[in-house]
Amino acid sequence: MVWGRVKAFFDNDFEESAAPSVHFENVGVRYGMGPEVLRDLTFSIEPNSFQFLTGPSGAGKTTLLRLILLSVKPTRGLISLFGEDVSRISKDDLTDLRRRMGVVFQDFRLLDHLTTYENVALPLRVQGKEEASYRNEVVELLRWVGLGDRMHMLPPVLSGGEKQRAAIARALIVRPDLLLADEPTGNVDPSLARRLLRLFIELNRLGTSVVIATHDFGLMDQLNVRRLVLGDGQLHIDE
Amino acid sequence: MNDPSRSGAPKPEDGQRPLPASLRRNAPLVPVDSAGGQALAAVIAILTFLAALCAGGAELVATSSSQWRSDIAREVTIQVRPNAKRSIDADVDRAVALARQTPGVEQAQPFSKTESERLLEPWLGTGLDFNDLPVPRLIVIKLQEGLKPDFTTLRQALKEQVPGASLDDHALWVSRLSTMANTIIGIGTVLVILVLVAAGLAVTFATRGAMAGNREVVDVLHFVGANDDFIAKEFQRRFFKLGLRGSAFGAGIALFLTTLLGFVTSSWRASPAGDQIEALFGSFSISWRGYLLVVLIALAVAVITGVVSRLTVRRFLNENG
Amino acid sequence: MNDPSRSGAPKPEDGQRPLPASLRRNAPLVPVDSAGGQALAAVIAILTFLAALCAGGAELVATSSSQWRSDIAREVTIQVRPNAKRSIDADVDRAVALARQTPGVEQAQPFSKTESERLLEPWLGTGLDFNDLPVPRLIVIKLQEGLKPDFTTLRQALKEQVPGASLDDHALWVSRLSTMANTIIGIGTVLVILVLVAAGLAVTFATRGAMAGNREVVDVLHFVGANDDFIAKEFQRRFFKLGLRGSAFGAGIALFLTTLLGFVTSSWRASPAGDQIEALFGSFSISWRGYLLVVLIALAVAVITGVVSRLTVRRFLNENG
Amino acid sequence: MVWGRVKAFFDNDFEESAAPSVHFENVGVRYGMGPEVLRDLTFSIEPNSFQFLTGPSGAGKTTLLRLILLSVKPTRGLISLFGEDVSRISKDDLTDLRRRMGVVFQDFRLLDHLTTYENVALPLRVQGKEEASYRNEVVELLRWVGLGDRMHMLPPVLSGGEKQRAAIARALIVRPDLLLADEPTGNVDPSLARRLLRLFIELNRLGTSVVIATHDFGLMDQLNVRRLVLGDGQLHIDE
């Protein structure tokens, strides 16, 4: 598999870059005129690290991920991504940053008019790559997440878990430097969840920083890694 | 279940079925049949159709009126009034000779007495005994095409040699007809512009609607690393196609209808009503210029659609981060 | 946490805050600003505008032409040709007397010799010495409005008593003008119908688009127990409002533009070009009938929008279970 | 609370009706030309019963619920609802049947242009009820699921778990005879899940048959009830 072959390259590459993938300093955010959903967040996500993000429903997990994705602006504080301050970033740089990140949305956000295959290949197509160069890889990944025979179906006819797996595959296909997954196993059975977790772990081994937002203690208990716990708008870190 | 990166080859649960020959569908990244799409195409078709009709009508008037005008302008008349003290026939011959000497005159033809009498008939009533009347006589002068000869010498000569003659170059009528035709053409042009503006407006609204309806798609494209340029191009391509389809359809119907009307009116032409219509509007068969105009309008609508939607998309993307 | 049904009163975690004064927003169940909405309103506005222009134009022609026609039809002329053997003045007096006896004739007025001569001027040229010519004389007869008297007796009497006289009731001209005017009105009407059909089409497409775009909403409404009637009503109400808004806007602009044009042309009226335009189109000030027509068209468009969208929605619901 | 007051009524009412809420006989279904997703299903859901529906991702849980909802037609077999054969049901009867059922969709299906309050009140509004008659009840239920201060927000700005709770409230508000919930706790934390489960149990006590499709063994283990397990297109029942 291609991933095995590029492993060495990634390993070398990440040794040099010391800057954390994500760094928050005293970040606070509110929606509109509402109360602060998150306040005084100060933390880092190191390159090649693995962590869970948890907290009760409505605690702000998704909001935190959206801050990292730059789709929500903090009302105060400083955010830097890959060592770069993002407060006055240009549109082009934003695109570049986004190409280094993979996201699994809580509500999947697949494009309904594209097949599963096309959805998963979308990030590569958007980057202007030739189809021949990624075709095998996409198919391989789809088979690994159990969508080998769903490749040509449109998302609206997929089951909930199938959509979720397609969303995961789309985030993984670019082998991003930073993976943000929002409740990526909420719609699949425990054995499939384990299988998907293995995929995240493998990606992490290849050099990606992984952040998984989840409520699923069963899933978190399988892996002894750092936990970022949100509650009452504040962050508490379990190493 | 094996870990794919370590086992070298994946063992998917559905076996190693060979890949289908092609996975490429090249589907547009922007949904094609979204809410506004069909409606927009239909509306563009309708507007193109109306624009084509207006343009066709204006072209028709322009063509016919330029024909009338050049016909009228090319026909100058000399009227020779009878005078008891002179021979009218000699006067007429003299005037004809003078006209023929003038440069730019192609032909000078005197009306015979009967012809002149017939001209007066509608005004003096039929059945009148014209022998009682000293009917004035007309000389019709045809000018060479494109030339506008100087009549001052002719006028001078006539005044001296044929006192009863007067030259009429129809200047008043030409200017009247010009004003009329130009007004109609102007109105047609204004209507065409109005319709094109309407098309632009419709496209703007539809594009904004489509963008709002596809905000999710735009978001996703942004998140997977597409820049504004890429997204704008995708939208524009789609709208250009829609616009082209709509305008081609509208123009097609307009052409078809015109041709049909041409046939119908040519079969009417014998009837008196047909005569009136033809006198007013010319024959309904549109010249190649008319067809060209319709095609040009269709193209213009498609281009407007493309450009307007691109601008709208860019503005939308800038406004919405 | 208490079980609500057993503890009698719930203990929500946010305390017993009093309810806000009103929770009712009465939001429509169908999204109002969905993709097609604005576009549809714009398009309907444009189409209404065009329809109103066409109808206004047709109305204008109809009004002017009916004026011309009644003017012309009300004016009958008797032409008395000079006859060397008779006194023309006596003949004229005789003819006038005969005409005045005919029932339905309001007034019979002979043209004086000078007036008759002036009438001939454009055709015989100016500066002609009319003393040389036995100029025929005209008697203008004004008919009572609305009456179409029988001229056979008058004709007979004239034939017997004034041999040189002939009666002209302008039938040919009236029919010519009628054909012309009717053609223009017909074309205007066809254009209005065309535009209304276009509006209907646009609404159909937009409704189908909106239904397809709101399939989710329709599904949800079905699942929570709404029947087709309820859903169709919701959609129809929304489209009727959109249609009304669009058509009111379009009609408003059309009225505004017409009024404006009226002002502009009334300031042009002195100029010769203005004269031509006015001769052709009448003054641009539209009568109350014109305004009524525009308002009616706006209403018609709104009603068409409502009805068409209802039918479309019903068909869509039947097709899609 | 109103529910308490109507309890007696429901209790009496259901003693008489012996017909099962749902009855399947040899039901099979396929989508388009594909393989049979479900085959030879024969089972009943008794009035006032409580059961979980489980099985791996893509097993057909959602499909089974959609069969009961009559939004998918079986390719063979017989389905009857509340004792009525539904194969040739009229549109009006269909509406009546649907008003007796409450559904929580896996993907929520809230109307994005209505507030949370309006979404929850939707089934009552559609039935032509006056707002005054249901207003307090809706607010009460919203507070119980923890959305008391989210009442006037539109669904797109709700968190995943909040949307899910709004969807649950919408299904419960009409106190249906049959409640179908598809993965109703996939997006909430375990303690909130327990709270929601209590709500379902309470509804069941009032006379509703409840079917909960879920992957969450933590949730299922809390309640010793019948489990319908789907696998390989077939149904296996754990009493």
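Letters A, B, C and D mark the chains as written, and numbering starts fresh at 1 in each.
One rule holds in what follows: a contact is a pair of C-beta atoms (placed from the backbone, for glycine too) under 8 Å apart; a residue touches a chain by one contact, two chains touch by 3 or more.
If you're wondering where the values come from, they're calculated on a predicted model, not measured in any experiment.
With centres defined as mean CA coordinates, subunit D is found 64 Å away from subunit B.
The mean-CA centres of subunit C and subunit D are about 59 angstrom from one another, to the nearest whole unit. Among the residues of subunit D, those in touch with two or more other chains are 146. Among the residues of subunit B, none is in touch with two or more other chains.
Because contacts link each chain to exactly two others and close back on themselves, their graph is best described as a ring. The chain pairs satisfying the stated touch condition come to A-B, A-D, B-C, C-D. Residues 1, 3-4, 7, 69, 71, 91-92, 95, 98-99, 103, 109-115, 117-118, 122-123, 125-127, 131, 135-136, 138-140, 143-144, 146, 148-149, 151-152, 170, 174, 195, 198, 202, 206 of subunit A are the ones touching subunit B in the complex.
By the touch rule above, subunit D contacts subunit A in their complex via residues 31, 55-58, 62, 106-107, 146, 157, 159-162, 165, 182-183, 186-192, 215, 217-218.
Put simply, subunit C touches subunit B in their complex at residues 33-43, 46-47, 49-50, 53, 79, 81-84, 120, 123-128, 132-134, 136, 166, 168, 175-176, 179-180, 183, 191, 194-195, 198, 201-202, 205-206, 208-210, 212-213, 272-273, 276-277, 280.
Within the complex formed with subunit A, the subunit B residues making contact are 1, 3-6, 8-10, 12-14, 17, 19-20, 23-25, 27, 29, 31-32, 216-217, 219-228, 230.
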